[in-house]
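Each of the two complexes below includes chain A, the first together with chain B, the second together with chain C.
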Partner chain A sequence: MSHLVGWLCHFTPVEIFTALGYTPYRLLGREGNNPRAATYLVGNLCPYVQSCLEAAIKQELPLLAGVVIARSCNAMIHLANVWPHYGAGGKTVVLDVPRRFDEDAVFYFSQNLRRLAAELAPPGEQQLSEERLWAAITWWEEQRAAWRELLACRAAGEDPPGGKEIMDGLARWQTPLNPQEAGKWETVINRLTGQPRGKAARRPRLLLAGSILPRELITMVEECGGLSVFEDSCNGMRLLLAPAARAEGDPYLYLARLYLGGPPCPRMVGDREKRRQYWAAAVDRFRIQGIIYHVMKFCDAAMYDFIALKAFCEKKGLPLLRLDGDFSGGNRGQWQTRLEAFLEMLGVG
Partner chain B sequence: MSLTAGVDIGSLTTKAVVVRDGRMAGAAVLRSGVDSAGIAEKALQEALEQAGAGAESLDGIVATGYGRIRVPFAQRRVTEITCHARGIYHLWPEVRTVIDIGGQDSKVILLDAGGKVRDFVMNEKCAAGTGRFLEVMAGALDVPVEEMGAFSQQAGQGASISSMCTVFAESEVVSLVAEGRPVAEIIRGLHNAVAQRVVAMAQRVGWEEPVAMTGGVAKNPGVVKSLEETLGTSIRVPPDPQIIGALGAALLAIG
Partner chain C sequence: MDIYQLLRSHLGNALRQRAFKSPWTYRLLRQAVAAQKKHYPWQAAHRLLLNTIDQAAAAFLQKGPVVWHNVFFPTEILYGLGVIPFAPEAAAVVATGLGIARGALRRAEGDWVSGEACSFHRLAHGCDREGYFPPPGAVVCSSHLCDTAPQSLETTAAYHGVPFYLLDVPHRQDAGALDYVARQLKSITFSLAKSLNLEWDGERFREALVNSNAARERLQAVNRLRQQRPACIRGEEAHSFIYPMLAGFGAATSVEVYGQLADELGRRYREQHRAVPEEKARLLWLHLRPYYPNAIFQLLEREAGAVVVFEEMSHVYWEPLDPEKPFYSLARKVLSHHGLAPMARRVEAVLAMVDAYQAGGVIHFAHWGCRQSTAGLRLLQDALRERGIPFLNLEGDCVDQSKYAPGATRTRLEGFLEMLI
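What follows is the complex of A and B.
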């Protein structure tokens, strides 16, 4: 029996998986077309979500004991509907996530997390003890703290790890194939810290944002002479940045507050001001010179988020480029001129 | 004395401009083809002949346009967005918005007072609002593309073209022809449709006056007129709008 449990949205508290003895494995999607998924999902739906289903149907995923699908956006709701029928085997557990951050939302989410722990528990397993959950919380917090330390170097350093290295590292860290691999998280982070670089000089420091940032985009940005120093996306650094203040006695309330209280994602419609403050802090701390926003096709949340970001950038006098993409890995031709022209605006070339 | 060249490989035409001491000395426009490097070399040769100079006396060459990576003899590659901005700034430093409609894309570029690109927007992965769109429609109407401008000016009003998708618009045009609608009105309607598409982009980026237009489609007075009516302002068109990207590239090659 597999000990891997799949997850998608960054509002999924992986601490619960660890406490139950599972290894969390993030479904990061796949490049290419999604003809099999198109049989079960409508065409005008998030290509990342479609690609996750495609990967499952094509049996490209490792054997999973189950998948936790956070119903955090419209596309995820559709995925949660079809996954039990056409996705990978194992349990499908659905997690509702509030769209705002206040005491009612925290309490509601904590109750959902308690239910998640019960539904995910292996057959015959006793109720998850608070001690085990707190131990898992501590273990994950240790990892996130190490990541934050690395990111602090990016904020201050003249020669920080680039976005491609960070995103590749994050992907490796989120997709361990067994508990031994998951336990070697320090190796992943140390590899990034110790890599020789020496190519950051005079490259414009960029914030890359969007619902999902495709690897293709980050690679292109850095090939063309930009340097990504902050990635604000579902698959970026957001999940590392939640403030960890352990005032709660109840681990579920703690987790609910931690996940809902982290950097707001575009779906947190009630937190627009908090999102603006988050951008402002990132721009100042990471000395951002320009922002590239990737709008995933059919992601309404990202489109509205872009409008708010545009207003923010106009106020700050910060150059902003919007690139639309479909997560297919075939967007290079569409982006090349825009990206190069944007970098020329910032003085590259 | 400085002698530089700019080569602009577009999807439909390849342009070369030679600049001597900051002034245009020669220019050539050839049809693009599969042998991008060969055509670029030929265009440059023609422009050099006009300038009365040889390739050995060039101080620098900048390549631009869709095929800029396919010019092996260029020292630098710069996007057409920066090059069109530079070319127009050279002609009219007071211009703040450039509308460039080429064969496969359309762009709206905002310039600052120093001629630098301040912001820009390009069309989506779609032929709508481009020269290619007009070429397909010209084919459907059996009218030479270069005569569309004159035709449209004979029409008192434009036919309503509701679809901007090249494929759907073509069938709409065929239906209008079948209904007996005058060709001039259909062409004017097509120009209006292109203008609406481009003006939507211009509004997205926050266009400012004065406005200039570059690219091959600027040679079509019908499109320029529709754009002027939709924007509500006059548009400056250089004598040869097709070569402005290459001109900008040649100017950027000065260093």
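What follows is the complex of A and C.
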């Protein structure tokens, strides 16, 4: 039987999977169109979600023991509805994630996480012990801390590994095919850390933002002469959460606070101020010269998040470029010219 | 009589925004509508219109703090606090009728509100930024069902610099979720009272819940009557009564309107006053309808005799509230919505409606941009197919007339009717 458990939204506490003996495997979608998924979900729904379903229908995913779907937005809610019928086999477990970050939300989320642990436990397995869960928490925190450290070198202005390499590394880190591979996380990071560094290039330092950033966008930005130094996305910095003090005795409460209190995501609409502060801090610390926002087609959260970012950039006098995408990998033509013009304005070329 | 025509002639062009803020507008409108009483086929509709004019007047003339809310927020709280509720989605419908939608949508586009978003909110954004809507004193929004509403309303609250309160509604309906929602409702209520400087009136709050129960009871009476055959009210007429469902629970006026509608319907059934001369088919309508002039209901009901006997929006999905436990019972109401996940709940509710109203076919109006209602349709379609119930997913837009294709709509409806009749 497979020990891989799929997950999608970055609000999914993978620590619980690990503690239960599973290997968390992130569904990162696929390139290309999603004709079969569109027959089960409507066409004007998040293409990332569609592409995950398409990959399952086309049996492009590794064998999974189950999938945990966090009902973080409408697209995910509907994915959770259709997955048991048309998605890959295995268990489908849904997780409600609050859109607020306060004591009530933390408590409520911690209850959901406790239930998640019970629902996900392999058949016949005893209740998950707190020791095992704390051990998994420590193991994950170690990995995230190493990633954060690696990415922080970009703030210091060292010539870092490029955004593309980092995103590739993060993708590899999120998709181990077995426990052995998952255990080799340091190798993934070390490979990046040890990469030969060129001399500090004078390329415009960019913040790339969006819901989930397509790999090809970062590649293209760097091919065109930009330097991605901060990826505000759920496959970028948001994934790494934020260091948290271990004040809780209860691991579920700790996890609830860790995830809800992490870098703010566009769906946390009740606290947009936190998101503004997050951008402001990133812009200062990473000495950002321009921002590129990737609006995922049909993502309501991203559409309005962009409006908030636009107001923020106007206030700060920061150049902002909006690029719309459908996650299919086929956007190059539409993006290229606009990207080049934007970078030219920032002094490239 | 067309209320929009009347409004348009009064508001004129250049003065429109200002006219909304003039007491004369409402006085004149009220007088004109009151004088036309006899011409309304349903007196309940006449009453509803007068009430709506009064509520709009209170909001536009800022007779008290105006609180914007989305249509899923439990308005009992707002009536209980004595504030003036204002639902931008519902106001967008009026904007469509007034013919200002095109300009407002253009404004929204200029402000980067993407054309992929729900046009109710795009339109509301445009109307607000163009000065057509009364500015809010605070904004409340529930997260259940709709993703656009919280995003759009937060943006509006930030634009006006007023507090925004989010009611975060989970999808499970267990004790933990109930507690979580009830605590938020309580905190939102008292935060609103504080930020708007409202005097707490426990009796008024209780009254709102009592009103809500009374309106619910009368709506149920209306719905029971609509289960009989042949139908005595056309779907097109019945659709105008969903406004209280979206923005009126908690108000005494909604009790009145539903009560009057129940009386009138009862009388028509006794007098065997049919909705159409020959009822050839009975239909269930899911989600909302287009609000600009269109031929859909004319074609279905008047030409083909296929009566829309019930609309999902009028479904009473919740149990009576307990005025002694306001926050818990409102939380239970919110969590009972059949549209909350899993989809099996909505499927079950729709099948129950099909049975109760003896519907032979189902039409879902797939409003562009409304992901909550449309994305899970496949499962519903499968369930209806299994029961042999014809289903039509009619794509369109409720408020953006430029998306209406009369020819294609007619073809689709005719094809569907052929299956049915």
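As a convention for this text, the second predicted complex is superposed on the first by the 344 of 349 C-alpha atoms of A that agree within 3 Å, B and C clash if a C-alpha of one lies under 4 Å from a C-alpha of the other, contacts with A are read in each partner's own complex, and residues count from 1 in each chain.
Just so it is clear, a contact is a pair of C-beta atoms (placed from the backbone, for glycine too) under 8 Å apart; a residue touches a chain by one contact, two chains touch by 3 or more.
Owing to the predicted nature of the structure, the values given are computational and were not obtained by experimental measurement.
Of the two partner chains placed around the shared chain by superposition, neither chain B nor chain C is touched by A:54. Of the two partner chains placed by superposition, A:168 touches none, neither chain B nor chain C.
When both complexes are overlaid on chain A, the residue A:345 reaches chain B alone and has no touch with chain C.
Touched residues of chain A, counted separately for chain B and chain C, are more numerous for C. By the touch criterion stated above, A:41 is placed in contact with chain C alone, chain B being left untouched. In the superposed model, A:74 makes contact with chain C only, not with chain B. Looking at the shared chain after the overlay, A:232 reaches neither chain B nor chain C.
In the overlay built on the shared chain, the residue A:306 is in contact with chain C alone; chain B does not reach it. Taken together, the two complexes place no residue of chain A in contact with both chain B and chain C. Within the complex formed with chain A, the chain B residues making contact are 66, 76-82, 105, 116-120, 122, 124-125.
Those residues of chain C that touch chain A in the shared complex are 111-114, 116-118, 143, 146-148, 150-152, 154-155, 158, 164-166, 168, 170-172, 176-177, 179-180, 183-184, 187, 341-344, 366, 368-369, 371-372, 374-379. Taken in their complex, chain A has these residues touching chain B: 319, 324, 334, 337-338, 340-341, 344-345, 349. Against chain C, the residues of chain A that register as touching in their complex are 39-42, 44-45, 71, 73-75, 77-78, 80-82, 85, 94, 96, 98-100, 104-105, 107-108, 111-112, 267, 269-270, 272, 295, 297-298, 300-301, 303-308, 310-311, 322.
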